[in-house]
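In what follows, structures are represented as structure tokens.
Presented sequentially are two complexes of subunit A, the first with subunit B as partner and the second with subunit C.
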Partner chain A sequence: MRRYLIRRILQAAAVLWAAYTVSFLVLDLLPGDPVSAMAGAAQDQASFDPAQFARLKHEYGFDKPIPVQYADYLGRAVRGDFGDSVATGRPVTTVLTEALPPTLQLTAAALLLAVLAGGGLAVLATWTSARWLRQALLSLPPLGVSVPTFWVGLMLVELLSFRVHLFPAFGDDGPRGLVLPALTMAVMPGALIAQVLAKSLLGTLEEPYVQTARAKGAGRTRVHLRHALRNAALPALTILGVLTGMVLANSVVIETVFSRNGLGRVTAGAVGVQDIPVVQGVVMFAAVAVVTVNLAVDLLYPLLDPRIVMAGRTA
Partner chain B sequence: MRPTPHRLPGRPAAATALAAAALLASACGSDSSASGSGTPVQGGTLTFAVGSDLGCIDPQQAGSNDTIYSLRQIVDSLTDQDPASGKIVPWLAQSWTISADAREFTFKLRPGVTFSDGSPLNAQAVKDNFDAIPKLGVRAVLGAGYLTGYAGTTVVDDLTAKVRFKQPNAQFLQATSTFSLAIESSASTKKTPEQKCSQGVSGSGPFTISSYTAGQSTALARRSGYNWGSSLWKKKGEAYLAKAVFKVVPEAGVRTGSLQSGQVDAIGAVGLADESALKGAGVRLQSRANPGVVFGISLNNSRPVFKDEKVRQALQTSIDRAQIASTIFPTGTKQATSVLAHTTPYYTDLGSALAYDKAKTAAALDAAGWKAGSDGIRQKDGTRLSFELGWFANAATNQPTLELIQQQLKAVGVEAKLKQYQIAQLTQVQQGGQFDALWGNITRADPDILRTSYSTKLANLYRIPVTDLDGLLDKQAATVDTAERAKLVTQAQQEIVQHAYVLPVVELQTELGVGKKVHDLAFEASSRIQLHDTWIG
Partner chain C sequence: MSQTLDGGLAAEAAAGTALPAPRRRRREETGLARFLLRRPGLVLSALTVLAVVVAAFRPETFTSADPLAGVPAHRFQAPSAAHWFGTDELGRDVFARMAHGAALSMKATLIAVAVAFVFGGLVGLVSGFVGRWVDDVLMRAVDVVLAIPALFLSLALVTALGYGTVKVAVAIGVASVASFARVMRAEVLRVRQAVYVEAARACGVRWWNVLGRHVLPNAIGPVLVLATLDFGTAILGVSALSFLGYGEPPPAPEWGTVIAGGRNYLANAWWLTALPGLVIAATVLSTNRIARALDGEWARRR
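Up next is the complex of A and B:
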């Protein structure tokens, strides 16, 4: 178990390093740098002062060779220091810790909704004996996966905020403001959970042990929920790591549509002005989140399924 | 992009003049913030939705309209500019004198003014501001540009400040009316640019920032005891509104819907597509053309193809400006009738020189030796009449406009290849000169913007040849007499348009959507808003 943990943590570190390096290279390939972005935004280039420009570039270290910049950044990042935002001068860690709570609220609410609605749909679709209902229910997840998130958001705002004044269209004050964005965000992960769980439930229901349970006289609902669901839940749990990455990425769109504060908005803004330190901070946070969730899921497996033994795993 | 039927040939000038007159009339109508019926009510909160926030709450470092709307309210300027006449009038300065060579500006300050941190406005505070602004860095290029050649400020007495320049600088008086040279408290000027951005500053304006969440909202609260408003404002003393909240709503459709459903009272940056829905909901659309250099194609005059003045002049009549203004921009947007927008002081109507005339373009290009080639593009000595037209994604109208221009140019046998740049590349592209032509505009309510843009003695970004235009531009910068300066600026506009260093296309119009219960939301001279006289009821 201990050796397994150590190996997983080393793997996680490698993933983080790769994420950091790739994002650094991508940002470096973009034309210009944050100081040029700032100068460009002013537009009135006639009163541009090259000396001042050069001084500022030097201050932020953008005049150094790329490998040196990379080593500098990485060295500090390892110590948890992501530097200051070029656009606002505030420490990146402060920017992130301020943006985190609203995004956590949103993603937690959305994932909860997704598990309840997606799981509920899968259970109901596999439990019902009405053919038409099963088919109707099972056709929903592919639809949910394929509609674009921003479209869902705009439709919800149009219907439930602009036409029927049920919820506010923007802002993050209070639980009422959380309803529409959480609903929007829940659609895609909910649909994925429903797809995976329904498929795995249908498979499990064919297993011999389910037949045994039935033969022993267990009721239909009891077999479904007590016996089959527990086993069928494993694949759905596995995609939780993927879903975490997905909802974090979706927060960029959803927080923009609903004018909410959070990591997504910080990301969109920072990319727009090429605020490299902030973008790097966000990338690292997202990578840590996905890696941690995946690790937690892996550690949960043996608790759910005693047949899985950690030490014996080779992957 | 479907081309609309073209105007009847033969009467373009008359039609243009008529259209211009109609547009002018409608623009004037919407200028006077309307619906002043009823008695103003004290108190209330105005909620205003803007599209973006750049994370900096220092007015001197602000550059985008969305930020200026809120930050303009927390600071006062030495002077104010009448949006109707362009005249400079007293605000924090009661009076001023300008030396005959336009190098020394002496301001007599109004007594009894305090900043929100309690410190008084005095000549030392003015000096501290002007000393500090040039050092603010790349974000404060506007203010730094206005102070080019700044030699220092002398504190003559507690309420008299004399600002000195190394060279004549007539535009400085107008510059003192802008938010970029707004006066902040001495303590605020001592902070670093980053501190000013994140912690904010103390101004003497009719509002103060009561709370700010980056990327989310800026809340303003009325400053009690405020009693030193601009001489242009109708109300004396404090503002009507108790609070004003600027919400950042990035999605245009959500801004529009929020105003329609009454969740906000006013919105900025209304586009053509949103107009009908807003009008249907009884929303007032308020618009004003931004002063300064209009949207246009700035040519790189050192490129072989554009070195030939005949080619540049031919292109001047190849663009159907009216079609662009009416199909892409908000209703009421004026096509360019000079290199300056009609709201700029000393603007001259050169509409006849910029009238659309395909036949004239074709004849001129033929005469210059550019004959139609097999692919429909004109050629001369084996060179195709083709150029790269660069643009930046800083306005939603840029791409559709340029695609339409591309079609219009193709119709006269000229190929424009569109090339999009990132904002971060703007400096590099312009300063480096590696471009054929660039699309853009600059907002500035003083004609000196012509000198900074087109004088060959300065950056000369568009590689214009040395001509007597330089003399005109220098002279207007050194002329204090308004009638004399108007004459010089008129000549400069004529020179620039006639020699076609730039192809002016369309004016930038700022359009706001304002809910029914909002009254007297007024544009100031640079087409940003002033909230002191605004009331809700």
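Up next is the complex of A and C:
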């Protein structure tokens, strides 16, 4: 167990290192560092001072050779220092930790909602014997992954806060203001959970042990919930990492739609002003979140399903 | 991010709802007619996509209104026979804006899918065909890219590249490269073990001919299905980025931009956001439905 644990953690660390390298390649190697961008914008102004920009460039380390920059940045990133925001001059770590709480509330609420609604839909669709209900329910998830997230949010605002004054529309950070953004955010992951779980449930219900349970006299509902669901839920667990990443990324769109403060708003703003250190910090935070959730799922899996032999599993 | 996930499930859904057709032998034409008659949704999807493609090339077919110049006297008119989708704050016809925006949005979508298809396909092909350490290195790289959420990767690319339809399209496309590489590699690995490939090798066929004549044509099918599925993902991604304001600058009627413009008037003019959003949703649904049909067909043929 311990060897498996160590190997998985090392693998996760390797993925994170590589993710950092990818984000470095994308953000720092492609043309245009932020200081040059500022210089370009300021060039035609009277106050333009080349010496000042050269000093700025030196301060941020943009004048050093690329491998040196990379080693510098990586060394600092390992210690949790992603440099300073180019736009505001504040440390990226501070900017992110300040923006994190409202986004974490939102994503947690959305994921919970997605699991409940998506899981409920899948269970009901596979449990019911009414053909029309099953087909109606199973046609919802493909719809859910086809509508633009930002549009769902705008329509919810239009219907539930402008037509019927149920919830505040924009910029409310209280619990009532959380409802609409969380609903919007839950649509896509909820649809995916429903698809995966329904498929896995349908497969499980064909298994011989389900027949055995029925033959022993267990009721339809009991077989469905106690016997089939417990096994069918395991494959659905594996997409949790993907969903976490998706939900975090969607916060960029949803927080913009609802004018909420948070990580997504910070990201949207940073992309707008080419604030590379902040964007890189956000990308790395998301990668850490995804890798951590994946690692947790991988480590939990053998506990939930003793049939999994750990030694045989590789990444 | 969800293409591969969707792919398998879509096939499943299609197999579950549409496939149990009687397996008696019939003539080809009646078979096709029957196939389509039993799937009115598929026909409708094909027509929707056709309409969008026509709009992309000849928007005048659908509307004679100007997408950029509005009639100020006609501002904020609700949908009517004259203005199907109503008019916006400058009196511009929203339907005309969507019809003319199809060109920009479809161009972006095509570029995104092409980038993902070509680069992902190449990586997967090399990885699967060469094998050994090349395979290891490439597939670990793919794992890494998959660990970064697609939208964040696209946003990072937009930060580095700048704004504009083409740049947004490239950013969205690059984010899908990894899933294309995976599917392509899996298919190449499957085909590479086939007896006819072994036979070709044994006959002394050069490796590039083995690759071009035997492996590639037989491995490309599922990747093409993934490409159709990726159309929907790309449309959504491109519209999200242009909604955030990273696409063409405002007067251009990109789909996401049109909706973003309507956001400010949500309280008094619902049609500015609702109807353009429905257009996007209908297009994505249609391409997904077509992808599902193709997927089902391929699954049966195998």
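Please note the rule applied: the second predicted complex is superposed on the first by the 296 of 315 C-alpha atoms of A that agree within 3 Å, B and C clash if a C-alpha of one lies under 4 Å from a C-alpha of the other, contacts with A are read in each partner's own complex, and residues count from 1 in each chain.
Criterion: contacts are C-beta pairs under 8 Å (C-beta built on N, C-alpha and C of every residue); 3 or more make two chains touch, one makes a residue touch a chain.
Bear in mind the structure is a predicted one, so any value in this text is a computation, not a measurement.
Q: Which partner does A:204 reach: the first (subunit B), the second (subunit C), both, or neither?
A: neither
Q: Identify the partner contact of A:286: answer first if only subunit B is touched, second if only subunit C is, both if each is, neither if none is.
A: Second partner only.
Q: Regarding the shared-chain residue A:157, is it in contact with subunit B (first), subunit C (second), both, or neither?
A: Both partners.
Q: Please indicate which partner A:184 is in contact with in the superposed arrangement: first for subunit B, second for subunit C, both, or neither.
A: The answer is neither, since A:184 touches no partner chain.
Q: Examine A:257 and indicate which partner it touches, taking first as subunit B and second as subunit C; both and neither are also allowed.
A: A:257 sits against subunit B and subunit C alike.
Q: Does subunit B (first) or subunit C (second) touch A:231, or do both, or does neither?
A: A:231: touches no partner chain.
Q: State whether A:269 touches subunit B only (first), subunit C only (second), both chains, or neither.
A: So A:269 only meets subunit B here.
Q: Is A:126 contacted by the first partner subunit B, the second partner subunit C, both or neither?
A: In the superposition, A:126 touches no partner, neither subunit B nor subunit C.
Q: Looking at the overlay, does A:107 come into contact with subunit B only (first), subunit C only (second), both, or neither?
A: It touches nothing on subunit B or subunit C.
Q: Does any part of subunit A touch subunit B in one structure and subunit C in the other, and if so which residues?
A: Comparing the two interfaces on subunit A, one with subunit B and one with subunit C, the shared residues are 30-32, 154, 157-158, 162, 169, 256-257, 268, 274.
Q: With touch defined as at the start, can you tell me which subunit A residues reach subunit C in the complex?
A: Listed in rising order, the residues of subunit A that touch subunit C are 15-16, 18-19, 22-23, 26-27, 30-32, 135, 138, 142-143, 145-151, 154-155, 157-158, 162, 169, 188, 192, 195-196, 199, 202, 239, 242, 245-246, 248-250, 252-253, 256-257, 267-268, 270-272, 274-276, 279-280, 282-283, 286-287, 290-291, 294, 315.
Q: Which part of subunit B faces subunit A closely enough to touch in the complex?
A: Against subunit A, the touching part of subunit B is residues 49, 54-56, 63-64, 137-139, 141-142, 144-145, 148, 192-195, 197-198, 213-217, 247-251, 253-254, 257-258, 260-261, 263, 392, 394, 421-428, 430-431, 440, 442, 444, 452-453, 458-459, 461.
Q: Spell out the residues on subunit C that touch subunit A in their complex, using ranges where they run on.
A: Residues of subunit C touching subunit A: 1-2, 5-6, 8-10, 12-13, 16-17, 140-141, 143-145, 147-153, 155-162, 232, 236, 239-240, 243-246, 256, 259, 262-263, 266-267, 270, 273-274, 277, 280-281, 284-285, 288.
Q: If we count contacts the way the header does, which residues on subunit A are in touch with subunit B in the complex?
A: The contact residues of subunit A facing subunit B are 30-50, 52-53, 56, 84-85, 87-90, 95, 98, 154, 157-158, 161-163, 165, 168-172, 256-259, 261, 265-266, 268-269, 273-274.
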